[in-house]
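Next come the structures, one after another.
One chain, subunit A, links the two complexes that follow: it is found with subunit B in the first and with subunit C in the second.
And then the complex of A and B:
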C-alpha cells in the first residue's frame, strides 16, 4: 500500500474519529436536562441491588422501603412498626401464631390487588436456597424456615406460612418472638411483585415499569448517577405522600456531599458516613447538623483459640486498660458514647448489665495473675483492621499505645483490604480484630444472637453452652421482664465474665438538613427515614 | 496490509490479556461474597457460588466467559446484582469517553501552544514561567487540584457547579482537573521536540531559503516536533477515555473509572475483566491510530 493512499485513509479515519467524538460530545452536552425533582437526597453508596431479597446495605434498604412495603412499615418518627400492607393482625395467646389481614385497598402500582399469595411468595423466595438471600435468617423464626433455607426440607407447604384466603396470611413461629412485627417492616421482608419476577427473572428491576407496593415507583436508575422515584398514586396511603418526585444520589465522598448540600444541589444528606470528619468540630455546632445515636456498636474481637487470648484474665486485662473516653473524645468526635456492653441503650424493655470499666491497676493485676507481670514474656500480637471506613487506624494506634503504656505489651498493626479482612476474620486468622455490628431490629437479640456458638458471624472461636441456653430460654419466654433478665445474664457473660469481645463505643452520626426548609425527617436510632413523610416547605 | 496485520495481532493479544486478568484477580484472597455478615448457612454461600458458576474449575469458567464474550456478553456483576457488566459499560462509558475527550482537547489545546511558545523563547523569562507552570501541572495531583478548583470556582466564585454531570457547565472543572497534568506533560514534550527540531539542518536550509519565521516554525519544524506528542497521545487518550477514579469520585461523575477500581476491591471478577479488556481494546486501537498518524506526519516513516 502506498504511503499516499495510507495517508488519505488515515486522513479520512481521523476525520471519522473526530466526527464521532464531536457527536458524542454534543450528545452528552445536549442530554436533555431532566425537570428538577421536588427533593434531592444524598443517600450513601450506590445500591448493590434494589431487590429486597438480594441486598443488605442500609442505603439500598432506604430506597427499597420507598418502593416496596412489608406487612408492617416503620413509623416516620420512631422507626417502630405500624400497620403497612396488613391493616391489622391477631396474635395467639402463646405468641406463636400471627394472622395478618391485608388491606383491601392495597394494590400494585399497575392496579392488580396485592394478595395473600404475594406475601407467601415473597417470603418463600427469601428462604429459597436457590435465591441465596443473605438475610434469610430473618425468617428463621418461622416454623421450618431454617430447615427449608438449608435444604433439609424441600416442601414449601411445610413452612409455617400460608394464605388462608386472598386477604389473610397465617404465620406460625417457633417461639414467641416479640420483635416479629418489627422484622416484618425490614426491607428484606418487603412484598415483591411475583408477576414481574416471573416474567423478567433476574432483570425485573430494570424492566420498566417495575410494579411497586410502596409509596413510590422507580422511574430512573442510572448507576452511580441517580435514582429517581415518583409518587405511586395507587399506594394505599398515597394521600399522605408528601413529595411527588425525589432524586436519591449516590455519593461516597463526604466533602462532595457537603459541597452539594452547601450549594443547594442537595436538600438532605442522611448517610452518617458522609459528614466530613475533618470538619466535624465546626459542623456539629450548626443547627442543620442533626446528631443521633445509632443502633450499632464498635468493638473488637479476640481470637480465643489463640494463646494467650484463650485466657480470660488476659482478655479482661486488655479490656480494662482502654481509656474509651479518649477514643470518642479525640478520634471519633461525632458524639459517640463509650460502650461497656454490646447492646446499645435505648431499646424497649432492655437495659444492658454493667461491663468492664477502665481500671488500669486491676488490668495490670490480672495480667500478672495470668503469668505476664508488667507485660513480661507477653508474645507479640497483631491487631487486624480494614483499610476502608474511618478512624480504624487511629483507634488501632491509640490501643497500641494504651496497652504499651498501661500493660507493657507490644502489639503490631495489620491493615488489610476489605475482602481480605473478612476472609481472615472468618478463618480465625487473627489475634485481635476490629469489628462492628449494626442492629436489624429493635431488640437485644439482634446483637446477642451473633455470639451464639453456631452463628456464622461469631468469628471469635468462643463457644459457650450457658450463653446459648440463656438465649434459647429467652426466646421461648413470653414474659417481657423475665426475657430481659435472661438476655442480661447472657450479655453479662459476653462482656463481663468471658469477654471474647470488647465493646468500644456506640455509633453516632450526623444527618444534615435544614429544618427551615425541610419537614418530615426525624432522627431515630435506626436512621430510618420513610420518604413518604418528607417534603420541602 | 499493515493495518490488517496489526488488527490480526490484536486478537491473540486480547485473548492473552483476558486470560491474565481472569486468572490474576482470582489469586487475590477474599471473594465477591465475603462481607460483614456471613450468610445464614453454608448452603446459601454454595447457592451463590453456583449461581455465578464460581464453583466450577477455573478453566471451565474461563471457557464459559470466552464463549459469552464472543456473543458480546460480558457477564453479570456480582456486586451490582441487578445489572450486567454490559449495562454498566453502556451507562458509564459514554460519560467517561466524553470527559476523556474533553480533557484530551484541553491538554492538547493548552500543552502544545505552551510548549511551542516556551521553546521559541528559550532561556527568557517566558520560558521559565511556562516551564514552571508545566512543572506545577505535572507535580500537583488531581486529588489536590480538584478540591482547589472546586473551592475557588464553585464555592467562592459560584461560576461552576461543585459536582454531578448534568450540563455543559458541569463539565468544566472535571475537564481541567483531569487534563491539567497531561497539559503539563505535553507542554514539556512539545518544548523538547521543538528545540531539537529547530536545530536540525533542514530548518537551517529553510531559513537560508529566506522563509519567514512563521513558516519555518509551523510548516517545517512543527510537523516533526509534534511527533513525541503524537506517540504519547495514544496511550494518553486510552488513559483518559477509560475514566479516572479520582476525578469521578471528586465530582461524583457516573463514569467507569470508579467501577474499574472498585471492581477489584469488590472482587467483582467479571466486571474487572470486562473493564480491563475495554481498556486494552482502546489502548491497542489508539496505538494503531498513532502509528498511522506517524506515517502521515513524518515522511521518513513508511509501513509496508
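And then the complex of A and C:
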C-alpha cells in the first residue's frame, strides 16, 4: 500500500513539476524572443576577442571597426583612408611628423569627449609589452616604438607620440611612411575607452554598456550564437549610419552559410572561408555572387624550433613536393592563383621573386640529404588547422597524401577551434600550421614585415638578422626602385632560401549579397566593408 | 500440439531451445543473416585489394580508400560503384573502410564493457550485503555522468600526453592508431553500467540456489563457484546485452566522428563519412551518393543488431517458454 501511495504522490508531484517546467519554458521563450535585426551578416569564425589590441583575425576586425574608430577610417568603396576621429592632419616636409586634429564633436557613446589623451593611451597600450599585442609591429614605424615594445625602453615619454593639447596629437615616425594613414584606419589602432579599461581591467568588454567610438554600440555578444550591434546615436557621423540594428553571426561551415543565405535568414556572407567550393562552378554565374581580386595569401608555417623542421633542407623538400595546381584546381576552385611567393601581385611598384616550384625529384634528394632517404626515420608530425569551412581540412588531406606518396613521410592532422588554434600558434605548440595573411595596406611590407624577428605575427620561431636588416633598409629607402630591390631580396630569403613558410595560393575573393536587396557594399581588394554604409533596401 | 512440444523440450538443453526459438522469430533470423552478410562484405575489402587477388575481381571492388584521383565528385559508374568524393577517392571502398572501423570500435568497445561490466556486476552480486551496496552506488553515480561528454573529455585530456609516450615507445604508425584505441577504451568504459546491473541481479538470485550451496559445501573456492557455476548460468543474458551494446557504441562512435572528435582524416568511419555527405546538402546541388550509402549502411547495421538483440532476448527469456 505504502509503495502505491508513494507512487501516486510521485505522480502528482511530477505533474506539478511538468506544469511549472512548461510555464518556465514558455516565459523564457518569450523573454528570448528578440526583435529581428535590420541586417544579418554572416561574419566568419567566432571572434577571439573584440579588444582591438588582442585580435588578428579579419572577421574580428570587421566587428571592431563598427564599434571603434581610428584617426582615419576606410572609405566604403575603395577602402582607402579618409578622416575618421581626426578631422584633418598636417604632414611635415620630410614626411616624418604627423599632426592630427581630432574632431570637436567626437564623443564616446556614453557622452564624454574623445580626447588626444585617449589616442595616446590606445596606441601606447598596443606597444605595451604587458599587453603583448601581436600587431604591435604596426606602430614600429613610430619613433622608439619597437624599442618600447620589446622592453628596451621603459619610459613612454620617449615614444614619438604626444598629445599637444586636448584635441591635437603629434606623431614622429622613424622614416617617411607613405601608408601611415592606411595603418591609422586599421582595427588594431582604433581608439579604445581609457576610462572603461581602467575601471574594469581585462573584462572591459563584458561590462555593459561598452563605450564605443564607432558607428555602432555592442548590444549583445552570445558565444557561438550572435553579436548584435545597435546604431550609436552619438557617433560624429551618425546621420550617415544606414542600418540601426545589425546581427553578425559566427559561422564555420560554408554549406551552413549558404543555406542561411538561400533561405533568407542572412543578407550578406563576406568571409573568405565561407564560399562553398563544391558549388563554385554554379555560383560563379549568379549575379549575387561577387568575385574580386583579393590581397591575401594562403600559406603554411613551419615551427623552425622543432626537429626536423629546423633543417632548411627538410622545409624545402616539403615545399617542393606539393602539387599546388591540384589544390587550386580541385579544392579551392574559385580561380585562385598558385603562389610560390608570399606577396600577391597587384601591389604598386613591386613584383615578387620566384619561389620554390613543384619538383618532387629534387624534394626527395633534399630529404635524403637531410638524413631521411625515402622518408625513413622521419618522425611523425602534426599539421594544425582551424575548423572554419571545409577547405582547410581538404587541403590538409591533399598535403598529407602528397607527402606520403612523394616523400614517404607520415603526417597527422589536428583540427582546432579558432581561439585554441591561435593560442597554439603563439606558443609555438605545433609542427606545421595552416595560415593566411591579408594585406593591411597597399604595400609589400604589409606581408614581409610579418616575418621580422620581433613581429608578434611571426609565429614560426624563425629569426633572421639579414632579413631584418634588408627590411629596415627598405623602409628607410625613398627611391622606389631601390626599395623594391631590397624587399625582393628579403622575400627571396623568406620563400626560397630559408622557407620558414610555404605559400600555397593567392586568394580569390568571393562574397555573396543580392544588390537588388542590399546597398552600400562595394568590392575592393582588401575586402573591407564598413558597416555604416550598408542597408537593406 | 502443446503436448508434442513439451515432449520435445525434454530432450533439449536450454541453449538449444533458445536457438530454436530464435530461428522461428523471422525478423531476428533475417537480421542475423543480414548482419553476417554485412560483416563478410566489410571484411572482404582489404582481401580483395591484395595484389594477388585484385586481378580476378572487378576493378571497382579493389579501389583503395585513401588514394587520391583526378575524378572529383564522380557520380556512381562502372569504375566507382558508389561514385567519388572531393579528393576523387572511391566511395565504395571508403564506406566499407568506414564500416570496418565503426564495427571494430563497436565490437571491441562492447568487449571492454563486457569485461568490466560482468566482473563488476558478478562481484557485487556474489559479495552481496554492504559491498554490493557500495559497488552499486558507484554504478549509480557513474550513471549520472553524461557519457558522451565524459568520452570527449577523456579523449581530449589524455590524448596528447599518451600520444607522446606511445611515439617514444612504439613506431610513428602506432600513434596514428592511438585515437582508435582511445575510442575503444573510452566508449567501452562508459558502456558497462547496464551490463553490471543486470549481471548483478542475476547473480544475486543465483547465489542462494541449492547447487551453489552444494558446491560450497563440497569446499569449492569462491573463484570456482563464480566462474564455473554462476557465470555460465548468466551467459544468455550477457549475450543479449552484448548484442544491444554493440549498436549503441557504433552510434556513439559515429556521433563523435560526425562532430570531428572521433576518427581523424584521412581515416574514415561511418560518422565522418556522413558528416562529409551532410556538408553537401544545400538548395543548389546535392551529391546524393555521398550521403545515402553511409547512412544506409549505418541504419541497416544498427537495425539488424537491434533486431538480433531483441530476438536473442526473447529466445533466452524463460518466462516466454510457456507461450
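By definition in this document, the second predicted complex is superposed on the first by the 316 of 537 C-alpha atoms of A that agree within 3 Å, B and C clash if a C-alpha of one lies under 4 Å from a C-alpha of the other, contacts with A are read in each partner's own complex, and residues count from 1 in each chain.
One rule holds in what follows: contacts are C-beta pairs under 8 Å (C-beta built on N, C-alpha and C of every residue); 3 or more make two chains touch, one makes a residue touch a chain.
Just so it is clear, the model here is predicted, and its values are computed rather than measured.
Of the two partners subunit B and subunit C, more subunit A residues are in touch with B. Once the two complexes are overlaid on the shared chain, A:262 sits against subunit B and subunit C alike.
In the superposition on chain A, A:393 makes contact with subunit C only, not with subunit B.
Of the two partner chains, neither subunit B nor subunit C is touched by A:208.
In the superposition on chain A, A:330 makes contact with subunit C only, not with subunit B. When the two complexes are overlaid on their common chain A, residue A:412 makes contact with subunit C while staying clear of subunit B.
In the superposed model, A:283 lies in contact with subunit C only, and not with subunit B. By the touch criterion defined above, A:56 lies against subunit B but remains apart from subunit C after alignment on the C-alpha atoms of chain A.
In the superposed model, A:253 makes contact with both subunit B and subunit C.
Comparing the two complexes, residues 253, 255, 259, 262-263 of subunit A contact subunit B in one case and subunit C in the other. Remark: subunit B residues 1-2, 28-31, 33-41, 43-45, 47-48, 51, 76, 79-83, 87-88, 91-92, 94-95, 97-98, 101-102, 147, 150, 154-155, 158, 161-168, 171, 249-252, 254-255, 258-259, 265-267, 289, 292-293, 295-296, 302-304 touch subunit A in the complex. Touching subunit B in their complex are the following residues of subunit A: 1, 3, 6-7, 9-11, 13-14, 17, 21, 24-25, 27-29, 31, 33, 46-51, 54-56, 129-137, 140, 146, 149-151, 202-203, 205-206, 222-225, 249-253, 255-256, 259-260, 262-263, 265, 388, 417-424, 426, 436, 456-457, 459. Those residues of subunit C whose C-beta lies close enough to touch subunit A in the complex are 66-68, 70, 72-73, 86-88, 167, 172-173, 175-176, 260, 264-266, 279-285, 287.
For subunit A in complex with subunit C, the touching residues are 253-255, 258-259, 262-263, 276, 278-279, 282-283, 330-331, 378-380, 387, 390, 393-394, 396-398, 400-401, 410, 412-415.
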